[in-house]
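Two complexes, one shared chain (chain A), two partners (chain B, chain C).
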Partner chain A sequence: MATIVWNWSFDGWMIVHAILCALSCSLVGNFLVLRGTSLLGDAISHSILPGLALAFWFTGSRSGPEMFLAALAAAVVTVFLIEGLRNATRMDQGAAMGVVFTALFALGIVLIVQVADHVDLDPNCVLYGSLELTPLDRWDIGGWLIPKAAVTLGVTLLLNGLFVGLFYKELLLTTFDSAFADSVGFSSRLVHYLLMILVAFTAVASFESVGSVLVIAMLVVPTSAALLITDRLGAVIGWSAGLAALAAGLGHVSAVVVPTWWGYGSTLTSGMMAVAAGGLLLLCGLFGPRRGLLVRWWQQRLFAAQVAADDVLAYLFRLGEQSPRDPATLAQIGHALPLSSRSLHRAVKRLCRTGELDGDESGYRLSAAGRRRAQDLVRSHRLWELYLVEQAQIAPSRIHDKAEAWEHVTDQTLRARLDQATSDSKLDPHGSAIPPEASERETDPPR
Partner chain B sequence: MVSDSPKTEPDANPSPPLPHWPLRVWDLTVAYQQTPVLWDVAFDVPPASLVAVVGPNGAGKSTLLKAIMDLTPRTSGEIQVFGQPFSRQRRRVGYVPQRESVDWDFPVSVLDVVLMGLYREIGWCWPIRKHHQARALEALNQVGIADLAHRQISHLSGGQQQRTFLARALVQQADLYLMDEPFAAVDAATESAIVQQLGQMKQAGKTCVVIHHDLQTVPEYFDHVLLLNMRVVASGPVAQVFTSENLQKTYGGRLTLLEEVTTALRRREKTL
Partner chain C sequence: MSLDCGWAIQGLAELGPVAEISGALWRLLTLADYNTRVVILGTALLGCAAGVVGSFTLLRKRALVGDAISHAMLPGLGLAYLLALAMGIEERSWSWLLLGATASSLVGTAAILGMRRWLRISEDAAFGIVLSTFFGAGVALLGVIQSLPSGHAAGLEGLLYGQAASLTWSDMGLIAGAAAAALVVSLLLFKELTLLCFDQQYLSTQGYSLSGLDGILMALVVMIAITGMQAVGLILVIALLIVPAAAARFWTQQIQRQVIIAAGLGAAGCFGGSVISALVPDLPAGAVIILVCTGLFLLSATFGYRQGVLWRLWRRQDWQQALARQHLLRGIYERLEVRTPGEIARAGAEASVTVEELLSLRSWNRRTVERVIERSQRAGLVTRIDGRVWLSKTGWLAARRLVHQHRLWELYLITHADVALQQVDRLADDIEHVLEPAVIEELEEILQQRGALIAECPHRSPESV
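This part shows the complex of A and B:
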């Protein structure tokens, strides 16, 4: 394994730049994603290319305010073109963006190839940026040699922070409900264009350091990941910033470290940042508490286990109504219930452990606690059947399945309300007796 | 009471007898790319009235509300809100958009949505304060879902969503409310809660113009009705205007000839 040499005045600045850029992008990216216009970041970061190329053509310099202004102008033109195209042709927004940005990007490529014959400008650099070079280009600020990128990206982050801080309310309102916003005098169009100009500004500022691919990733991915974790806008903004910064740091470290595992030299930080962001999104998708696959899978398993146990108890209760005190064998239960033998075994084992079932292989019967829980389940089931027939006028032949599904999620309060909403009938529509409430307040319902 | 003729001239009676009626509309025409959505619409809304706007799908009901609030450009016509253009009376108008017009998965709480009704009062860039939150909670209490204040909006039922919108309108403390189908797909309890709210608003001298789909409940819930199908078929007190003959006209034939001629016009212009 090759030894890795860290040079903190170099790597340190690269990480700072990456983080500044990631934070700036994620801040404005939040609102792009929530507006369903994620692609707009993509469109803008591509269509500033002809602006850059033209400015480069005229000034011959790769940096400087002309470059910045030209890119910004191109971005604003893009936004207006997309809106104009949409209004004129009633085209779908995604299609309008696709048309505008591919055309402008292609124009930019053509221009750059033309320009590149005369001067040194690499189209690859536009896509991937040159984060590796940013620490070298320094400004002397009050005796401190500070990389130029740190200054521009720092200013961008400050601007974005100020914008989101000051216009948080307005961004929230126009993003959530633009018609209402306009009706109370908050011009959704104005906020939209302000946001777009800032996205353009951010893209242009980040462009040189990290390239357009990473700008797109950082506009969209952190917010998408944050939305899997939380459901409050403030928290979404916080999480997306955290994840963006983490992706930036991880990106640089892994760009340096990972290739050495196979004996290669370090790779592009910007590329690895996008990969790291993707990896974080995947993790949030798996483990996120809101919509995480793992959490959902686990909850489904828990619920399935509860339903299986409920079904066993309710079956034994109904059996007991016909022939009291007869124990039921496992085979008998399995025959009556649509459960796999595995989940049946598990359910019975669990119920024996919680003390809701008594008995062994030769036969099981409900304990006192099990009887109470079973009685409430059956009560829920039959109350629901009564309710469906009486209140919803559903044919008695079609109520069983619904009641069967709902009995597992009906608690004591809901049962009390059902009892009030239905008639005083002691029998359910099929003629079975509705048992009285079993779980009294003093005894905690068994888990 | 309510003028029935679409040909009231604005300068014919510039002041009395109706100078400060909540809403007056003359000759309103709205067209999307030459296809008229509203055509020469004229009606007046008297103070403290509950007006149902009734008409088939595509009759231009939502467009009418949007045109009143300058949310959609109008081809011609004049609209006065309490005797002045909408832009000068904005604070006196509350709007309840269609429930489906927003994304209910948006990461905000019920309280956040209700607070939006106070944004105009709070102003650009100013923060939300404690007393604003108290007022939003009070409005939620009025519509009976104060306990849901901190719930994320994706966990709401349709009726609760509608109550949230209603609460947002209530905190606006407007004098004229424009509501786009507040009764669409809500549970019975919410429906009666909204009806009760409307009654209280009327008592307080407020006026509500409500797009409504359930014809059977019009006489029960409203005192005035505007029958709309691109043009105003009739408008006035429910007892006089809400007749089967007028309904026949509203829901009967659309103005197909009109559509045909505008389609032809569009085709011609394309070829030019």
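This part shows the complex of A and C:
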């Protein structure tokens, strides 16, 4: 196993650069994802190739401001071509993007072959910097040796922060309701173009120092992860920034550490940062409070348990209507209800614990509290049936399933409204009596 | 960079005399050389299949799925390489690498579908996530490979740009097999895939699994991407899946024709690109193929019969001219009506209006009016003599019909839709041009029943309604 040597003046700067890039990308990336143009970063990373080839043709050098400007110009042209194509032909956004960036990429390859002829010019090495090299290229600023990348990425982040801060309201409006934004005098088109050009600038500035993988990932993944956690735009921006920075740090550490587990040397940092971002997204997907799979699974279990308990109570209530005071055995309940024996046992145990069910193996009956809950459930069920027949004109043979599903989510307020909406009939469409409200409340309107 | 095409015809390294070129072209087009035959037929077949599969992904609004899937191959390639190295297999073995690429792009496909289904992540974001994380993993793996003393990833990087030059008969067999399989599957599932694109609700009520069909469609994309990677490269195969299908959209709105046209355009683009890059030295085949496809796309976007830009502009202009002509006729009629109520039919010096009168009727400028009058005169609707405009017999009939419809709508809107009286004229102006005879009959009947007068203009006598 190879030993890991950390060099904090070196690794530290790499992490700082990655975090700067991740923050500025995630900041504008929020709006890209919300507008459904997540793949713009990828498109730009390919479509700047002809710009680079032309710059190389004229300057003969592989780096320098000309390359940067040419790439930026190509990126802006890409944005305008995509939008122009969409406006002229009403194509699907994704298709327009695909047509434009692949065509430009192909053009770039042809140009590079012509321009560079037999010079060894790898399109992937022309502008795409590598995070590993950023700490080496330093500028002397007032006696401090600051890496060039820190300056450019810092400026980019500042620009993006200013843009989002100043135009927050405009971005919010045009992203979620462009028609309304237009009607109150914000030009959603202008905001869109500004945003796209800023994305182009951010992407090109970052390509030069940290390479394309990190940019493409940070434009999309942190925001998507944040959207699994929260719904509010401000919170999404905050979460995505945090997740992006975390992914950058984690990615660097794992790029150094993970390959050593199999005896390999450390690998490229930016790739692992993208993977780390994906890992964080997976975690959010599992544990996120809003759409997290585990949380949803747990909520479903809780709800299923509640439904099972409800069904047991309602069954005992109906049984009591026919033959009062007869306790029911577990087998009897199990026979009547479509529950697995495990969930039946669990429901009965739970109800005994909450004091809503009295009795033991020989027979169960409702306690006073259980009776109140059951009565309200049955009331909900029969009110729904009455409502469906009277108000929705649904045949009595088809109402049971709906009422059965809705009785579990009907509270007192809704029952009161159902009661008002239906006729004064004391019987449901099947002829059973609708029980009165059990858990009385002073504010209840009298019938 | 070795993107040039080694398979350019011998003796054509530098541009020779015309006769030589045309001879070479003849040999190319007749597929005389074995190598050329392989490359041209292989890529054409690939383009054909990509057009068919791409049509469905385009209509499913998932045009960029190929982008995500092709990037998702990278970690598979890297892993396969590392595994081969660890197990002592010949690591450059093409089929082994392809296997790795297929496996990881299938994992990427599953990830996209899973994120859609369970996390409700939007389509483009799911593509972006899979693309970037898989691509990142691939880059990291390539980084590991490059740091190894024994290996370097030179062989893998070649895949980015394709190696049409080195296509062999067995590669061609693979492409043909994949293309044929893709074609057969899309034809067998034509109805289901069509419904997947247009009416998912109906599809699921018929008992089909949406995820299953989506999975099949994406597996077809994987198949095209894997085989296409060899011919045109990892990135440009995305174009094959998008460009021909998007181009075909401009020619038709019918799915069968769309698929056939897309297949044709894909095959033509690949064929043309291969031929050009074989004729001209130093042109990478993959890039040329895509540029030819893009050229076909631009042609289609401009001249396409259904949705092409020119066609749409022409139709719009046609419509606007018709609109202006109707405004003119109605303007003249109403002007005459004011002057001689009840006696409009009588022709003569009275039954004409001046251009100035027309100008005052609505907010149009003199040039527009002059042009409309000229066009209407050519259509035989009006006659113009010395600054005065007469309605012809047909013009008079048409004007009467228009005014009649216009007032029908006005009354309808007032009596039925509670529209404020001030707004009626504008609304009626817009709507009368799209009225159908059936609607008119219905309106007349309704208004007749209510005793609403037809000939009166409500602006003058609102109390009559």
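The rule is simple: the second predicted complex is superposed on the first by the 412 of 447 C-alpha atoms of A that agree within 3 Å, B and C clash if a C-alpha of one lies under 4 Å from a C-alpha of the other, contacts with A are read in each partner's own complex, and residues count from 1 in each chain.
Operating definition for what follows: a residue touches a chain if its C-beta (ideal position, glycine included) is under 8 Å from a C-beta of that chain, and two chains touch if they have at least 3 such contacts.
The structure presented is a predicted model; accordingly, all values stated were derived computationally and were not measured.
Chain B and chain C, once both complexes are superposed via chain A, clash. Look at A:233: by the touch rule set out above, it reaches chain B but stays clear of chain C. Once the two structures are overlaid, the count of chain A residues touched is higher for C than for its counterpart among chain B and chain C. By the touch criterion stated above, A:38 is placed in contact with chain C alone, chain B being left untouched.
Judged by the touch definition given at the top, the superposed model places A:335 against neither chain B nor chain C.
By the touch criterion defined above, A:97 reaches chain C but does not reach chain B. In the overlay built on the shared chain, the residue A:180 is in contact with chain B alone; chain C does not reach it. Between chain C and chain B, the overlap after aligning on chain A sits in one stretch of 93-101, 255-263, 309-317 or 345-353, namely 309-317. Shared interface residues of chain A (contacting chain B in one complex, chain C in the other): 36, 90, 227.
Put simply, chain A touches chain C in their complex at residues 33, 36-39, 41-42, 46, 85, 88-95, 97-99, 102-103, 105-107, 109-110, 112-114, 116-117, 120-124, 213-214, 216-217, 219-221, 223-224, 227-228, 255, 259, 264-268, 270-275, 277-278, 281, 285, 291, 293. The residues of chain B lying in touch with chain A in their complex are 33, 66, 69-71, 90, 93, 95, 97, 101-103, 106-109, 112-113, 116-117, 119-120, 122, 124-128, 152, 154, 168, 172.
Of all the residues in chain C, the ones that touch chain A in their complex are 1, 3-4, 58, 61-64, 66-67, 71, 115, 118-122, 124-125, 127-129, 131-133, 135-144, 147-148, 157, 160-161, 235-236, 238-239, 241-243, 245-246, 249-250, 282-284, 286-288, 290-291, 294, 297, 301, 307, 309. Listing the residues of chain A that touch chain B in their complex gives 34, 36, 90, 166-167, 169-170, 172-173, 175-177, 179-180, 182-186, 227, 230-233, 235-236.
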